[in-house]
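Just below sit the structures, each encoded as structure tokens.
Here come two complexes built around chain A, the first alongside chain B, the second alongside chain C.
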Partner chain A sequence: MSIRMASKRRTVALAAAGASLALILSACADTDDGGGSGDGGGSDAAAPALDCSVYEEFGDLEGKTVSVYTTIVEPEAETQVASYEPFEECTGVTVEYEASREMEAQLPVRVQAGNPPDIAILPQPGLLNTLVSQYDAVLPAPEQVEANVDEFWSEEWKEYGTVDGTFYAAPLGSNVKSYVWYSPSMFEEAGYEVPETWDDMMALTEEIASTNEGATRPWCAGVESGDATGWPGTDWIEDVVLRTAGPEVYDQWYQHEIPFNDPQIVEAWDTAGEILKNPDHVNGGLGGVDSIATAPWTDAGYPILDRSCWMHRAANFYATQWPEGTEVAPDGDVYAFYLPSMSTDERPTLVAGEFIGAFTDRPEVQAFQTYLSSPDWANAKAAATPAGGWVSANNALDPELLATDFDRLSAEILADPATVARFDASDLMPSEVGTGSFWAGITEWFASDASSQEVTDTIEESWPKN
Partner chain B sequence: MSTTTPAVAPKAVPPPSGLQERARKAKKKLTSPWASMIAVVIALAWTVPTFGLLVTSFRPELDIRQSGWWTVFGDALAGEGVFSLRNYEAALFSRSTSLIDFFVNSFVITLPAVFIPITIALLAAYGFAWIDFKGRDILFVAVFALQIVPIQITLIPLLRAYVDTGINGTFWPIWLSHSMFALPLAIFLLHNFMRDIPKSLVEAARVDGAGHVKIFFQVILPLLVPAIAAFAIFQFLWVWNDLLVALVMGGTDTFPLTVRVAELAGSRGGDWHVLSAGAFISILVPLIVFLALQRYFVRGLLAGSVKG
Partner chain C sequence: MDWFLSAGDDPVHKLLLMVIAIALFVVVMALILFVVDRRRNPSKWFIAGGFVGPALILLTLGLLLPAGGTIVNSFQNRNGSEFIGLDNYIRAFSEPAFLLVLGNTALWVLVAPLLATFIGLVYAVVVDRSRFEKFAKALVFLPMAISMVGASIIWRFVYEFKPASVEQTGLLNQLVVWLGGEPVQFLLERPGNTFLLMVVLIWIQTGFSMTLLSASIRAIPTDIVEAARLDGLSGFGMFWRITIPSIRPALVVVLTTIAMTTLKVFDIVRTMTAGRYGTSVVANEFYEQSFRQNNAGLGAALAVLLFVIVIPVIIYNVRQMRLAEEVR
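And then the complex of A and B:
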């Protein structure tokens, strides 16, 4: 039954994609006339038509409500809400959207108080793990959702939403973290090519460093992020572990089958240190090595704009962090290239994403869960995000619907069979490490020039023993 | 600021009546140029960050990220345009929900959350101060000791109780929680003020045939106005600035301004430059309340300390 349904859904998705493509083209022409103010307006016009019959099996849902609790606040919330509209129109269900930056702390409180939302968009698998193992609160995904995920997502992504063999949470949006931001015009003027391998990149780094002037350096970085200070640095390390030690070691590392201070991991830290702890290589426009610890991650790439920094490693969502008016395009002010690996025939990629956890199993909640895990939603979301900055690893996502070249590049990397995607390890490690000593260790590494061995030893000691 | 001028003994000393003499001595004891200087330094140290925040709130995004707020003065002298209203525009109008709703919610939460604890605390304080009953002192100490309980550990049990009684999602959980958390201190403070009222006053009223109700309303209450006002200001500021209780006990329909300001930074904290403007919008009301009631505030603080 599931196969028949799935194939039917695929045709629906194709039809929807085609229809919406036509719509989006007309919408584009529209915005060009209007001066491209992009807010809201375009989303309604571009929402793909949805086949409502898929949701008939859930019965009459007219007038029902589903509450959603998430960390996605405005302005991103607007596009999120807009992407629910086709479902609401189909079924008559009202989706009550509640977003809070404190959601990760608040959700366990509400669960314990017996007042959970119907659906929570969990920003990392670690939280799902906690909710399942400590509070036994999340309900296993309904079969329709599982069928969707089996069909439209890779095995790895399904694994991230699984705890102890039970599949709970379908993935929603995805992020690609293995990017290096640069200024295409700076590269062109200096005659530099985008590096294809890690060695190329190091050679380029040395070459740029030989022309250092004043505060200009090849790289800039910053890991300050309020009470989450350190996380951008953990991404750096994870990316390098994926490259120097490989995906297998990476898996053993976050599952603690090898210790955190395993020689291969220390080597990765040292490799990252060749860039991040060499005063000739960092910290363009921001100061010395120790300034990485205090530079806000949101601003750390800005020196590229005033040409005092050449490269900045940051995730795809950094695209929305650039100051207003910055053009993100292959021929614009800034663009990003894939953080090269050791050789060109492997493409390890660090990814992250959100997951949908359900706390109730009313028909309307299951219908909504099914919608969110379907390509219909992914395409509706793509169409509802005219400013870009969003992508999903859902393999039926139509890249044509994505708003920018950069988002299409991200989708391409996610869909590329050569890509070996690995989820952000700090999100998968126990929270004592992943959101504790790992962050603190990174900060120490930069701020007080602790050695890679010292830092990894300290983190290893903090790993919870059970 | 009268305290900054040292007391100079007047040349022609009037015949020293006891009271004036005492006032003069007290003034001399309490005023010293050193103390005044320290007071000014502390005042400056406390004001500079707030002032910096105010300046920041008027600066363009890139300037905020790239240089300190103190650089505006140099730039302004050099004739560069350094100020903009963009942050305020973003804080006020950039979201799909109207700021007015959150303002209204803040008032709807704050007024009852000030009124309820004061009403109850006044009655309780009267009981503790003027009605003799068995175990009064133990009960009073017990109430005061409740202040030690950190509110964080009560959040989940309280929320569970609200969910069970079905009032969750309304304003009641927030009002009740704020009242509970305020009561121990309110009872303690008002009790101390009440004890300071001369016993003879209350006894005289009783001799004239007044009962507890009459004594409370006609003798005690008028004398307590400064104390009530002082506590009301405290409680108002606390509730207005509260994020924790509102976030935990509230829902989308009941969130006050603080919740909205906290969300201004955006999903990944990238819009933090808007926060300074948001902070100043939300600071406006407490500032007005404080300035308007400042008289009572100082008088209320002194009411417990100076007898007679």
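And then the complex of A and C:
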């Protein structure tokens, strides 16, 4: 074979490689649509002016920088960055924002390598727990932060940022997870009312199921989420445990004072199974029961839009997942009702949130921590989020600044004294269970015919022994 | 000093750092070679040290030390604060979840390299000297240019499931529906799903085996082929008695190389199922334990396990390569 021929062949191979690469790249490009539509916000709603004198006690911070590492990527990243502006203007500090979806895996690596960020926005208390107990890396919260949290947050929220009696991490944003998404117009046309109790909801489910046609079912669900597959399913179970067994049992459950396969917990799984494992009740527009295991959580509610599904249980942040142009309002395309409890006078609610962990204690870092734990930040963030989908349990948050009715509803539930809020249990369990066997177990529960007893037995076995 | 340690987002700064690093490398190497060259009557060891020394030092720092660290880690608990003996290995060999992972890995190593090599070989023989040879070879070679993650995303679309009453988006399920069947959850049905993941690797690696084997078929001396033909061999007999024995060394190298790739397969499993639905393999579980569960000890034990399994394959591969060279 002559050299010329060889080089010609190589050119062909190269061109082919280039072509296939281009194919892949263009296939990937679609998926990022819908991001980056926000214009950075900040200017639309007027945030109240910040009282700069609070930060004088930290000395002259002009020209200093603080690095922040977080899982909050585009498009929400823009509103985060915009919410830091008042602080930057006050103090002259520059906040370096770094976001990555791999942050939860990368942060411990950076900590071990001696290269941690100044501040990390921890998406769950379990990670805080790991960083404190395994790597002894997070610094206790400065007194100004603790004072803010004592004043503006309820005791439970402070407890979630505490490990072994030391308060480390102030809460930042909050999520309300006990929501059922539905289409108000579909309900109105069919003459259905939003259910007030669990039994009402089951009756409604049966009623809708009697009209099943084609792929249409009363409920749709999906738990696929890459290597975090399973988490939306654990939220379902937690919500039901809160309702059938009650908050006290819930606390004992995640602290492992009762085993994971306690009969009360197995009963909760079975109660959830009456909806999620009944082929007459799921999985609207997506397939059979096993399709819950493979349906991506991000679009598992979409069948509501084409009317092949009636209800979809998902957190408040699902509001930002709907396709562009979907109106989230009481009279819009979709809206959500509170996942009913056994009776109308109890309101157990599943919540979650992010926390601020600090790895350095320079004055500018502490000043920024103080700002993030203050109502000033919460209000600035509310004003910087014109599209909505964000809320905080900070009790000095001004509901008027929230962008949508739906966010105000979430804030109302968080602030309501009748609400018994409980934090997402899988975030509080040891990581072997909370991000391991519980996720894998619930996926298995949907994917194969495994019974609630079998799955909870397996999860109990994986609970760390010491 | 700070200027050298972090470049931030400034591209000019980054480029400058790169140029400086390259210049530094050239200067250091030139210095070493200069010193080696200046000595009159240098000993053999001195020259060898000058040439191989830098590489050896870097290998020790970048490969041997970390490998040793991983082995030590595998006998420690989750954050390396305590020695716990063989506990991590006992867990890896006793818990049902890990046994499934080991079983899957064994299945991968047994099936994927054999199929990829076999298909590549048959293809190479069939298209050899045919009219469409170049085009046919390019076709099979194309997937080699696609990254494992890219290929996995493509194949996930192929296997995608939609209920019967909705329009299908997955190619395979559309075929099933056209043939009058019900759509199947391809990635859920075990153990079939593991084989469907292997298809992705085979799809990529067949091009590699086809290219190598085709080249060594070409290299079979014509006199042997002529002689065999005169003795009345043709068709399958020629393939079995002449072609296969002649390319045996290449065949083994291809087989073992693909086997090593298979043992490291992580991207395909992580992208397509994230190890759920009973499809996890050791490489995926090692990542899961080390970086998602923050259990450095167990993760290290799995890495060591993978290393131990790969060693015999590598030794065999190297010996066969040497044999092949001697033949030449």
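The criterion applied here is as follows: the second predicted complex is superposed on the first by the 422 of 466 C-alpha atoms of A that agree within 3 Å, B and C clash if a C-alpha of one lies under 4 Å from a C-alpha of the other, contacts with A are read in each partner's own complex, and residues count from 1 in each chain.
Operating definition for what follows: a residue touches a chain if its C-beta (ideal position, glycine included) is under 8 Å from a C-beta of that chain, and two chains touch if they have at least 3 such contacts.
Quick caveat, the model's predicted, so the values are computed rather than measured.
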Q. With the two structures laid over each other on chain A, which partner does A:Val109 touch: chain B (first), chain C (second), both, or neither?
A. both
Q | Contacts of A:Leu61 with chain B and chain C, given as first, second, both or neither | A | neither
Q.
With both complexes superposed on chain A, which partner does A:Thr71 reach: first (chain B), second (chain C), both or neither?
A. first
Q.
In the superposed model, which partner reaches more residues of chain A, chain B or chain C?
A. C
Q.
Let me test your reading of the model: by the given contact rule, A:Tyr135 touches which partner, first (chain B), second (chain C), both or neither?
A. second
Q: Could you tell me if A:Thr229 is touching chain B, chain C, both of them or neither one (first, second, both, neither)?
A: second
Q. First (chain B), second (chain C), both or neither: which does A:Thr298 touch?
A. first
Q: Would you check which partner chain A:Thr435 touches, where first means chain B only, second means chain C only, and both and neither mean what they say?
A: second
Q: Could you tell me which stretches of chain A are touched by chain B in one complex and by chain C in the other?
A: 109, 226
Q | Complex interface listing, chain B residues touching chain A | A | 61-62, 65-66, 94-96, 155-156, 159-160, 162-164, 168, 247-248, 251-252, 259, 262-263, 265-270, 272
**Q.** Residue ranges of chain A touching chain C (in the complex, touch as defined)
**A.** 9, 12-13, 16-17, 20-21, 24, 27-28, 104-105, 108-109, 130, 134-135, 214-215, 226-230, 285-288, 290-291, 293-294, 308, 431-432, 435-437, 440, 443, 447, 462
Q. Contact residues on chain C for chain A in the complex?
A. 78-79, 97, 134, 138, 141-143, 145-147, 150, 153-154, 161-166, 183, 185, 187-188, 270, 274-277, 288, 291-295
Q. For chain A, which residues are in contact with chain B within the complex?
A. 40, 71-78, 96, 98-102, 106, 109-110, 112-115, 225-226, 296, 298-299, 302, 317, 320-321, 323-324
